[in-house]
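The first chain written gets the first letter, and so on, giving A, B, C and D; residue counts start at 1 in each chain.
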Amino acid sequence: MEALRVSPGYEKILPQEYQDLVADGPFGRDLSVKDLGTFKELIEEHPLCAGCGLGLSIRLVVASLPNPENTVIVGTTGCNSILMPQLAMHNVHALFGNQNAVASGLRRALRLRYPEKNKDVVVVAGDGGVADIGLSPTLHSWFRQEKFTTIMLDNEGYSNTGGQESGMTRQGMVVNMAPLGKKFAKMPFHEVAKVANCAYVATVTPARARRLGQMVRRAVLVAREIGPTYVQIFCPCNTNYKFAPDETLEKSKDTEVTEYMTPEAQALIESIEKKPKAEKVQS
Amino acid sequence: MPAQKIVSPERIFFEAPREKKFLIGNEAVGEAIKRANVDVVVVYPVTPQSEAAHVLGDLYAQGYIKDYYRGEDEFNVMSAVAGAAMGGVRVFTATCGPGTLRAFEMFPCWAGERLPIVCAFMTRGVNAPLTIQPDNIEIGWLADTGMLIFHAEDPQEFFDMILKAFIVAEQPDVHLPVGVCVDGFFVTHTREIVELPPEDEALPPYDPSVSPVVTMDMETVPVRHMKDPFVMKSNYISYNAHASWQQEVRAAAERSRKYIAKYMGNSVEVVHPEAEVLFMTSGTAAAQARVAMERLREEGIDIGLAKIKVIRPFPDQEVMEAAARARTIIVPEHNITGWLAREIKSRVSDNAKIFGGPRVFGGMTMPPEVIVTETKKLLAERGGHLGLRRPLVAARG
Amino acid sequence: MKLDVRMSGLGGQGMVTAANLLGMAAVNDGNYGIVIPFFGAEKRLAPTESYVRISSQKVYEKGEVGHPNAIMVFHPEVITKGKCYTMPFYEGLRPNGLLIINSAQPLLSPEDARTMAKLNVTVLYVPASEIALEVADTELATNMVLLGGLVGATDVVTLAGLEKAIAQRFGGAKFIASGTTAALDDVLKRKYSKLQELLGKNMTAISKAYDLVKAMVSEGAPIAGRREVTCTTQRA
Amino acid sequence: MSTLLGYKHDYKVRPGPETYLSPSAAAMGIVLPDEKQGLIEGSIVPEEVAWEEIAKKLLAAKNPTLFPGPLVLWAWSESAVAKATALLELVAEVPGMKIIPMPDYRPKYPMINPAVEINPNHPNLTIWHNEIDVCAFAGVHCHFANLALKIIRAGTDCYTIALCGQRGHEDAMITLRDVHAAEVRELTETIRKIKKG
């Protein structure tokens, strides 16, 4: 990877963390969740709350990308965006809610400039960003069949602004701005994704780390070849839902792990996964 | 599409032979983009910009534009072209009025992200009540977004400014978005002679490698990069970083002056600079004021015209110089807020001599007769203490 | 030379197309033209106007023509039912100007006729829709007939310039028209199997009215100043 | 744009600490040099004059430091490597000159180690910590170089030099433009000459 080769004579001048990234980073190595602990990760330090399920989820997502050296992340406002500056990949924060529109333009630009490379674009955004304020661009990017993956970090509310109700909050929950309990049901967003013609839709939790990794990888590969894909990761907010940091994983099990794919996506996944790893195309 | 050869901007702007066509402003947009080597266009239809949006689609079908789609709304259109620009390609879009307002959050974002996006604004009034008619109130709002803002008088100038906007925008020391504005309908739907360079010649492509910021492609160093990083930790250092960032965006606009002068000439066009009364205006109000000026001069009134072509960066020096010679300055405008009069008054120290008006808006035409009448009324009132060199023909009985 | 024209009619009658042709003809003649359509969301059969300014000097003025030298009325209801954007339809008409009306017989009210007389305006009735049906087999050519009448009365453009404009407008080159105009273009193009036929019919319609009006002008006498002139076809 | 209430003309780009929030030099009327020119404290000079002044400043410094940015730290192109190599030759020619890298532009969390790196959002921390009196920027994307140069001028007394590959930086006290490997070597040659006297 040319962008991470040190100019001769500058190797020792670089701070240790960059030397580590060069020597032990994941670029071009086809690593996954099971390899965590054996390489320099693309996200380590971050300023999120102790026990944050969202921080853990992003760590797992980034470790699962099939092609991190050619992947650009698009985020949006929310807790995740506080973490993103620490990410050792190109990542975009434009505004709140416009991530799928930004990703549409970015994906098309990268395809024009690098037609020979598999430049992946992956949206990583919170539930408010994806399903509330960003609903229109999310759905329209799916209807337009934009070839990128949307990952929702579903912590069931607006955590960054202080724990308000979102469309993904469960009915009856008493949170800020839902003082009498949320009055309508949690949005069935993974069902919406299917209706909006996503080629691959999964719901998962960081408590199932390897399954999460497999789903993210599948979603990115299907998006590259076929069409939009969606992964919804349930990662409740211990700060706003007031449980202890060490309870996050237990609480995040409170969701169903589901996987849906179109026959075309299924055929693609099968064809990729039956190949031995060494044969996988790396750019 | 004909095979196009890449030529220098100077060749297209100044040297190539030009052929006369009879075009509406919206067609002139297409003719500019045809020669602009644009990669991606995302656009949403809105009267009076829609024909331009159609033409852009046709250019995509013909191969002049590499990728194109109809966005879901203006906020997301402006977001999509931002994404494409971050990916290192040349983009173009257009909107107006309600679309401008719906998209507004993105304009300071473009400037802060240092994206050299060119956007045409075919200005129109805003609701309520509903209007689709010409009114350029939105230019005043756009002026403080950090974008460069040009204001064209007719389809010819619209064509030239759009092409030149790309080259000014993409200078490494500028690298800012440019809004090329016209008064909707009066330019977009008015058919006039437009002189065009050959259609088989195009501008050089955008080169993202000289960008002053990082292109988001995982090819540009450093790979450890967020566009744009949060500088919002609660401490003085973060605030200072944000403040400095804003200053740098404005500094980039200052640097554009050199390139605007090089490619567009003076930012203020002055006719009869020695005149003691001056119309100082922009856009189609300048066209109407030209006609009014001729009629008033026929009646013996010593009046000239200063047309301001560039609203950002505001041509302070040129405006001050033009204003210094005049004893009365009249600023006709196509909006109710009088943003141009405000700009001029804030630059000229003896600004009691500046009169904002006449103003029309909401779709109303500004007939030269109205400018003539209002000018005569004003001069008749002021005549006594103006020290005019000769008596004015007063309209008031 | 300078002529400001206002065309009033009902949406779909081709006021904007006529205005474009007139402006293009002026440019073809080496003069300057500026064409302004009526800016509205109005649809077919709604009152519509278009405007043309022609001059031997560059034209700067934008916006609707408030003080025309010539008004062309495409539909009798513009006058009889007040289906007009400008009220009354002759508002702003300059003294010694020209008023061309698509009608076989006079239809100005006595009051309007007196106003026109006071302004020394020539009122010219041309049965444009009838002529269009007769020579082009479609009322869609009404605008061409009225253009022919205007040119016959004023010589503001040449017939050669106009013929070239028609070829430019309908000859297959890309021309940006509103959705409704484009739809009517398609109707016209379907009507004639060959483009040449469409161009020919349009030109015939123009020439017919041009000749009629010219014939009304006695040798050497200017038409301006005549009060009311009714042009009739032989059939009428 | 500025917290300074002075007139625009006669503004000089000089070492600070300048004020609470420094103006950008461009806002104060300073314009960038044209080809073959440099800028010294806001005034346009032939580039040879700027080379000589840079050489003198570096040689007279107690603690001269090069701040190489991502565009030279990383071997992303042949010209990047060439400029990076030439910069090392320049550093070798200036007695006591150090190199502190700017590997990227993100605000550092949770804290920066100012001994080993510099960051455009808070470059003053590295200047203060290392008591740098003269610094030279090279290979930093122009937007971030300008941020850093202005913040340094606002809050430190460090003398700033920009060896820019593009159009230069009016927020530096001395700037060159179009600086690639060959131009760095010209500068190094000037340093050698001045050392010889």
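Here, contacts are C-beta pairs under 8 Å (C-beta built on N, C-alpha and C of every residue); 3 or more make two chains touch, one makes a residue touch a chain.
These numbers come from a predicted model, not from an experiment.
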Counting one step per pair of touching chains, how few steps separate subunit A from subunit C? 2
Set B-C beside B-D; more C-beta pairs touch across B-D
Subunit C-subunit D separation of Cα centroids, rounded to whole Å: 69
Centroid spacing, where centroids are CA-atom means, of subunit B and subunit D in whole angstrom: 35
Separation of the C-alpha centres, subunit A versus subunit D, in whole Å, is 39
Shared-contact residues (touching 2 or more other chains) in subunit C: none
Please list all residues of subunit B that touch 2 or more other chains. 214, 219-222, 224-226, 229-230
Can you pull out the residues of subunit A that are in contact with at least two other chains? 2-4, 18, 85
Chains that touch, pairwise: A-B, A-D, B-C, B-D
What does subunit D use to touch subunit A in their complex? 68, 72-77, 80-81, 84-85, 88, 99-101, 103, 106-107, 109-110, 113, 116-117
Mind pulling up the subunit B residues that touch subunit A in the complex? 39-40, 42, 66-67, 69, 71-73, 75-77, 79-89, 91, 105-106, 109, 113, 214, 216-230
Applying the document's contact rule, which stretches of subunit B touch subunit C when the two form their complex? 20, 22, 24, 26-27, 47-48, 51, 54-55, 58, 132-134, 154, 183, 185-187, 189-193, 284, 287-288, 290-291, 363, 365-369
In their shared complex, at which residues does subunit A touch subunit D? 2-10, 13-16, 18, 45-47, 85-86
Residue ranges of subunit B in contact with subunit D within the complex: 114, 171-173, 175, 210-214, 219-222, 224-226, 229-231, 233, 237-238, 240-241, 243-245, 247-248, 250-252, 254-255, 258
